[in-house]
Amino acid sequence: MDDERRIEEAMARYLRAADHRDATTMAGVFVDDGLVEIFSYSEGELEPLGQVQGADSIGRAVAGLMSPHPPRGWSHHTTLNPIITVTGETGTFDAQFIVYNVVAHQRPAAGWPAGASGAQGTVTPIETGYMHTTLRQAGGHWKIVKHTIKHDLPYAFPPPAELDL
Amino acid sequence: MDDERRIEEAMARYLRAADHRDATTMAGVFVDDGLVEIFSYSEGELEPLGQVQGADSIGRAVAGLMSPHPPRGWSHHTTLNPIITVTGETGTFDAQFIVYNVVAHQRPAAGWPAGASGAQGTVTPIETGYMHTTLRQAGGHWKIVKHTIKHDLPYAFPPPAELDL
Amino acid sequence: MDDERRIEEAMARYLRAADHRDATTMAGVFVDDGLVEIFSYSEGELEPLGQVQGADSIGRAVAGLMSPHPPRGWSHHTTLNPIITVTGETGTFDAQFIVYNVVAHQRPAAGWPAGASGAQGTVTPIETGYMHTTLRQAGGHWKIVKHTIKHDLPYAFPPPAELDL
């Protein structure tokens, strides 16, 4: 397996951890002093939304700052068409991202209605943008050093603050 | 081309065969006694939806159990962010999946209305989940031994049963 | 980095150039006499929508034939599950594609309303289909020789003509 694929798979584990609100896996894909910084475009200007530093804090943020899945809810965090560079022990990952919100219909007590067919629920793409990530290799493992997320859409924060990593 | 990419391309052929309801191509990506098993989450529980064993049966299922495309309809079966392992002649493919339903508008006899622009129809993501696939290499070709699909959304089966591979 | 990945990254640069309406980058991913030809399915028939020849013309088409992003608008051009071949200096890239239209809500003068949370806007998949691309390597760089786009959905062209590369 070449380094580019190892970097892709580190990012795939990051994305699965975001889907699963899995703090331990999320912390494990960052170096100890790793940094996440999040921006969004609002009226054409790139605005900072927040940042989290430290693998453990980033892991906790997944369980805390991200809103929990609603009942019958799920999410998919995906990246597409990455451009990857590797220079010695340093790598970069530059990709498009799309986040989907998945919400199941509640099955009626009497069962699905006549005519219902296939998957019962809605799949809605809710967030897009670009990621720029720097990684470092140690002992054959690539971990994230700095992860910059740029949302295309402006972001509203109700109290308590919620943030999609 | 390395084995990881060969596995990705075997899966890409599987996905194209599902899009095209192509029984011959679908059968060809499985070993003779290959197994597909399909589950869906319903109220937090993973429920078995069904299974099909044997490459020929799996091919026939694509033409039979899957509902045919409606007039002006199409689908895209996609996977994202795979994690792939290769150990000798055995490989695993673990990915997110999203299925899109595509339905064209019918062109009016008088042509598209004034102001119509771009693609005329709707693209709707309808199914998501995770795939866990085991493959085996023989003669340079990777084929699917066992393909497990876990839908995020519950599934309703009207008679006759329809199943999206 | 192997040739298959280099081809993927040439296509990733093409997609980013389409997102950004970036004529210079777009021209740079094509050979001088490169050809783009675009088709769409309409009532089951594959109809030619148009073609553009020459790297400079293709670059200009991105800035001209494609409609500009609306205020607070963006797009993502993505490909999925490519099948890639390399034979000497020639490569082929065969993939599914999905284009997303992203439109931000306008932030009210008084700020986002109570209860607003997360990304404020809509993400809509609007175009799907298959791409069949031939590339040629020169000096370690893969460039597009012929790029064939087949939209699943029929296409309406208002005056002035607009075309999504």
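The first chain written gets the first letter, and so on, giving A, B and C; residue counts start at 1 in each chain.
In this text, a residue touches a chain if its C-beta (ideal position, glycine included) is under 8 Å from a C-beta of that chain, and two chains touch if they have at least 3 such contacts.
Predicted model, so just to flag it, every value in this text is computed and none were measured.
Interface note: chain A and chain C, two copies of one sequence, contact each other through mostly non-matching residue numbers (shared numbers fall below half of all numbers used). One copy, chain B, sits rotated relative to the other, chain C; on C-alpha atoms the angle is 120 degrees to the nearest 5. A separation of 24 Å divides the Cα centre of chain A from that of chain C.
Of all residues in chain B, those touching 2 or more other chains are 2, 80, 124-125, listed in ascending order. Put simply, chain B touches chain A in their complex at residues 2, 4, 40-44, 67, 80-84, 86, 96, 98, 124-128, 151-158, 162, 164. Taken in their complex, chain A has these residues touching chain B: 1-2, 5, 8-9, 11-13, 15-16, 19, 72, 74, 76, 78-80, 100, 102, 104-107, 112, 114-121, 123-125.
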